[in-house]
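Going in written order, the chains are labelled A, B, C and D, and every chain counts its residues from 1.
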Amino acid sequence: MDTTNGSLNRKLRMALVGGGSGSFIGRVHATAAVLDNRAALVAGALSSDPVRAKSSAAGYDIPLDRAYASYQELIESELAKPATERIDFLTIATPNHMHFPVAKAAVEAGFNVVCDKPMTFDLAQAEELQKLVEKSGVVFAVTHNYTGYPLVRLAREMVQNGELGEIQCIRSNYIQGWLRTRLEASDQKQAAWRTDPTRSGAAGCFGDIGTHAYNLGRYISGLLPKQISCHLRTFETGRALDDYGHAVIQFENGALGTVTASQVTHGRENDVTIEVDGTKGAIQWRQENPNELIVRRNGSAHQIYTRDPNAPYFLPLAKSSCRLPSGHPEAFFEAFANIYRAAFDAMILRIEGKSFETKNTIYPNVYDGVEGMYFIQQSVASSRENGAWLPLQHQAARK
Amino acid sequence: MDTTNGSLNRKLRMALVGGGSGSFIGRVHATAAVLDNRAALVAGALSSDPVRAKSSAAGYDIPLDRAYASYQELIESELAKPATERIDFLTIATPNHMHFPVAKAAVEAGFNVVCDKPMTFDLAQAEELQKLVEKSGVVFAVTHNYTGYPLVRLAREMVQNGELGEIQCIRSNYIQGWLRTRLEASDQKQAAWRTDPTRSGAAGCFGDIGTHAYNLGRYISGLLPKQISCHLRTFETGRALDDYGHAVIQFENGALGTVTASQVTHGRENDVTIEVDGTKGAIQWRQENPNELIVRRNGSAHQIYTRDPNAPYFLPLAKSSCRLPSGHPEAFFEAFANIYRAAFDAMILRIEGKSFETKNTIYPNVYDGVEGMYFIQQSVASSRENGAWLPLQHQAARK
Amino acid sequence: MDTTNGSLNRKLRMALVGGGSGSFIGRVHATAAVLDNRAALVAGALSSDPVRAKSSAAGYDIPLDRAYASYQELIESELAKPATERIDFLTIATPNHMHFPVAKAAVEAGFNVVCDKPMTFDLAQAEELQKLVEKSGVVFAVTHNYTGYPLVRLAREMVQNGELGEIQCIRSNYIQGWLRTRLEASDQKQAAWRTDPTRSGAAGCFGDIGTHAYNLGRYISGLLPKQISCHLRTFETGRALDDYGHAVIQFENGALGTVTASQVTHGRENDVTIEVDGTKGAIQWRQENPNELIVRRNGSAHQIYTRDPNAPYFLPLAKSSCRLPSGHPEAFFEAFANIYRAAFDAMILRIEGKSFETKNTIYPNVYDGVEGMYFIQQSVASSRENGAWLPLQHQAARK
Amino acid sequence: MDTTNGSLNRKLRMALVGGGSGSFIGRVHATAAVLDNRAALVAGALSSDPVRAKSSAAGYDIPLDRAYASYQELIESELAKPATERIDFLTIATPNHMHFPVAKAAVEAGFNVVCDKPMTFDLAQAEELQKLVEKSGVVFAVTHNYTGYPLVRLAREMVQNGELGEIQCIRSNYIQGWLRTRLEASDQKQAAWRTDPTRSGAAGCFGDIGTHAYNLGRYISGLLPKQISCHLRTFETGRALDDYGHAVIQFENGALGTVTASQVTHGRENDVTIEVDGTKGAIQWRQENPNELIVRRNGSAHQIYTRDPNAPYFLPLAKSSCRLPSGHPEAFFEAFANIYRAAFDAMILRIEGKSFETKNTIYPNVYDGVEGMYFIQQSVASSRENGAWLPLQHQAARK
């Protein structure tokens, strides 16, 4: 018999930290987490402002008695509940500087965590968090959500299958235009914290979206990085952080990668593109048209692989990441939900006392989060030295 | 304070009829209806096979005591519940021939209904259903889901605003390839009932997808039809219904429309396209790339309107049909959910005893359902007379 | 040794009738004919106005003594020249009503002819011309230039090879917008004669571009037509001919075709598209992106065949129609030149006294021209009878 | 009266050096130069092999008495002819290492020159050639042919007009796949010399196509370069030159540019793309779809500017670079011919003894050629120092 969450036979209980009115990503998490009817949002600490934390609850259908004034209260109160009511996991959708304290408290309390990216404010926090997760044994996912698209996963599987041969070049771009003007000057909420070094971290554009582009190449290729040379720029006068950046990455196997990120290119929306070249084939993907993967091999026609779970070229992980038949487009929410889906599988194993993979997970995990923070740190450092090559190898990196 | 369903301040309670294992569209309804956290699926009669009806319930997280063996039992039992527990609406996701009996029973019991398309088995049933709905006063939506895409709604608003001038030509195509072979011969469930006249109705391809293409043109243009000349074909030998069809439509204002539908075009997935030409501008849209609307006017560059709720060209209905900022693609589920969203607004007004629009609704309604059945009937009849012009005016039609 | 025109070892001598200042298509012919250095433009009767006929010559580098005041003078004078100087062929690029008299005179004089489309003013002229050509034995080509694109030719070869199986559906569209306003009222030269029944013929849009769309489907599929049902419209008030039209075509083998042509769709330029569905595969092509052919087969990825003469999928005729390696786009002139190239091959055989194919030629010929005129005649007649089915079989038609 | 080459009233006489059988680019030059009927190919030294030099002549319709055995013989013999017969210009289409000696001889003899790129074998030759050209006063064009596309020229005009504001970012890619295998090992002619340091120069991929990508960005933006950091790679084992490369360029105004070139990306044909970001707008162009330019500005729909000479957005140079109305695609030959067209205008002025622009020319000139060689030299040098920043300012550079 097919039941919700299989042997667990119930929905997982979710708490949301962040996501109060004006938030963008909180609502995305709340929608994605429940898309498959495998979880229910039952508690929240939706804002650092206690009044707004309460008043935002009804919009999420969170009962008032579980609409907490702070994340500390949330954790304490939920721990006090019987296991049959207590939340199973906590999602962190706050500005960056709050990721670590919330995650630390949740992990130490034994709650599974889904954390937005970048994982922490700096590398030191990230490395500490890694140790805490290893110690506590919780499931910890980081929402590098673009890895949730079925065709991105197919690309990764193709690489792992050897269909593209050895990977030699990666070109990864993330181009936006919304910060072409200094929106932060008019106090637009999204712009304000993302361009503020005290809330966003050492990097602006490269922390917000460059990390996604870098992670995407790493996820698909599995190549281990060796060195980085980076050039960050702030093109809008008066802005406190970078709004454009470019990095060259040398991988251990000799491959060459580039990452370009922009927030100042007129008219571009959320244009994540990646090209990966191997000795046997090359692929190309664009987030704004996510149901297609272009696959090319010399001597053959250009091939457009669509998100067709029944196609002969579809591989198991990509197939299990689909909800609809081909031609019925899936998009951003579903990709986001695929991160949750994989994390849920691990959470259930943990709840049932079974062992589960923690490093080579389908979902981006705490190790990927550490690597992301290292990428940001070394990007900023290299850029300060005018693009000097700096190491990018980190023990946390996985293939 | 922002609450779930506003003044109602609670989720709507949903029952699902159909959707048992092997179903495609049942799962779509269940996902779309709850996407905005405004409804919860609490009851179901998931299959005409009582055993499967029960066994499918856990997969939807429906409690066993509300997993009914038949739609009759569902309606009877739910009516017997106190108003605070009773379902608010019932979704019909069965094969076509069962739409009418279920809808009739639900409407007569006073339940709001969301019904898949085509609305009934034939026109007589549709016209009877219209009367029943008018009598009972329930909210009745038909899921011509392609009208839920924000850019389709924008197109309709542009027409209503006069931005395209008078509409003179509509070219609407719905091209698939999955029935290129006789899948029904191997008893594939989706193919089996869709190609069976006793379950699908008088038309195959034209009933299943031709109606969508026709409805889409009607929705965007608001033009009233006058006459139809139609040519249906069955290209796969041994198939009992049409698998290809083409209709020419004469509109009352003198406009000329064409509708082409195919289930036998190799490699095409779910390729709904529409072009609408007006005296002041012309638009083009494709379902497989739904976040773009191409707008053209002589003397200007080709314009790609994207699903950008903050764009100056975005109009109110399109804007309220978005969940994500531009560049973060939305797709099939969200469009489907937009039909529900509009129907929910009407249901809440009804629950609260307020008046609500029943004819010129945002969501496709019982009148559109009637018109769809008339379109099928006249298509089949015209085709039998080798494309003779037959009337297509129906009192139910709305602009 | 590779020489110009092989065994002939010299360029062919060309005369141009029409093409005076303000002409569009005359310059296209002059450019395309010499693109491969196989012909030289040496004489002309460039305008029906004798003064302009002379004054336009220098722009084509035609010596003044061969810039004739009329086509009659041209033919007479050239006939009087020694064979070593005399023109080999004559290109007709006048408005439609002059095609026949010029062609008749040229054919009777024994000159090879390249004639723009539609071939004549009406069917009677076309049938008479066919007889004259058969009697004289000249090479006669009609510039249905879209058949000259390498990927269109590849499509035809694929059909002939059986790669697409039996052809069952053809959807052919030719969409323009330039006549959305009544340009003819402001005496714009191109618009003026094309909308004038005394110079253009019985049809406007359908004669000018509908014939191209029809011919393209016939060329690729080789299917023989049986009947036509057509609907022509004039959407711009005051216009004397149709500016929009749609035809349904029944082919002898049971296939169903549609042809849609528009001159009034805002912002569309020269948008010829065709889709051909067979039992084994389906193809799609668009003139504005002519170096790609989309090929689809159920169970495979969508394939983009590019104009790559070295690709394994390229077939001989398509290959011999290329001048550049893949990725170096070819376009309108080259396709036009491919019509000339094939006609030149036949002219050389004739000059050398060898036999040459006259019916199943690579280039569109007098029989295709006859069929085009029959298509126009029957389209107009059917439209006058509100889309009545009329025969479309003509003895001239070839596979 | 409109005459060939206006006041000159005759065709220009052209000689071709290189282009013997097996050549690709020689035929391109021969076709492009005569496309507008403004020049005739009358002489040639088509191969370094005297026998092949003769035997290739007939294929170009060059009379045997002007089919010279060497470029030296060509120059000497043509100088000896009367001015009314003598060639006006000489096109160099040999492998790279022969460009300089031929160009030097031609320039010193006072012949105008059209030279393929890269202009010479190394920078020293280029700088010497610049001096020779300055001394002799001949017209000297270098076929960076991608600057000939009308929409590339429109982009340049838009920048010059200030429509894009200040340019801050350039992303220029040139991606091919044909050298994914070591074609040179099988002695394929094109591959053999391009991968041979004694014939190609210091760089392989970056010399052959990287220079084009760099030049394209420079042409459109007019930004002056300051420094370069480059990384070249040879991914095919045993190859003697780079087959992949990436450069970061710092411009004097603070803008950041990147150039990526590949010959080893499976399935990519001749994929030149460029994106230019300014403070007021951003543009995107792709050579394989050359009739479109995407123009974006925050707050507006994405705009597709097509090659429409009558569009309000078209500017004078772009307009004068068109031969066909919109929707009738132009492509590679026409762009190439536009380089010739601009050079012809200068040649005629020189022939008529008038002054003509030599530095800020429409066509790429000897100064651009020098800069291209400097780009190659500094790319190779920077790459050898692991991407060290090296100067890229050269006195020859123009805006």
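Before moving on, here are some points about what is shown:
Please note the rule applied: a residue touches a chain if its C-beta (ideal position, glycine included) is under 8 Å from a C-beta of that chain, and two chains touch if they have at least 3 such contacts.
These numbers were taken from a predicted model, which means no experiment stands behind them.
Chain centres here are means of the Cα atoms, and by that rule the chain farthest away from chain A is C. Centre-to-centre separation between chain A and chain C, using Cα means, comes to 56 Å. Between the CA-based centres of chain C and chain D the separation comes to 35 Å, rounded to the whole angstrom.
If you average the CA atoms of chain A and of chain D, the two centres end up 44 Å from each other. Multi-chain contact residues of chain C, defined as those touching 2 or more other chains: 268, 300, 302, 306. Contacts between chains leave no pair untouched here, as each chain touches all the others. Looking at the complex, you find that chain A touches chain D at residues 168-169, 171, 173, 175, 177-178, 180-181, 229, 231, 233, 235, 244, 246, 248, 254, 256, 258, 260, 262, 264-268, 275, 277-282, 295-298, 300, 302, 386-387, 389.
The touching residues of chain C, counted against chain D in their complex, run 1-4, 9, 11, 21, 24, 27-28, 30-31, 34-37, 41, 55-56, 58-61, 176, 268-271, 287-291, 306, 308, 323-334. Those residues of chain C lying in contact with chain A across their complex are 295, 299-306, 311-313.
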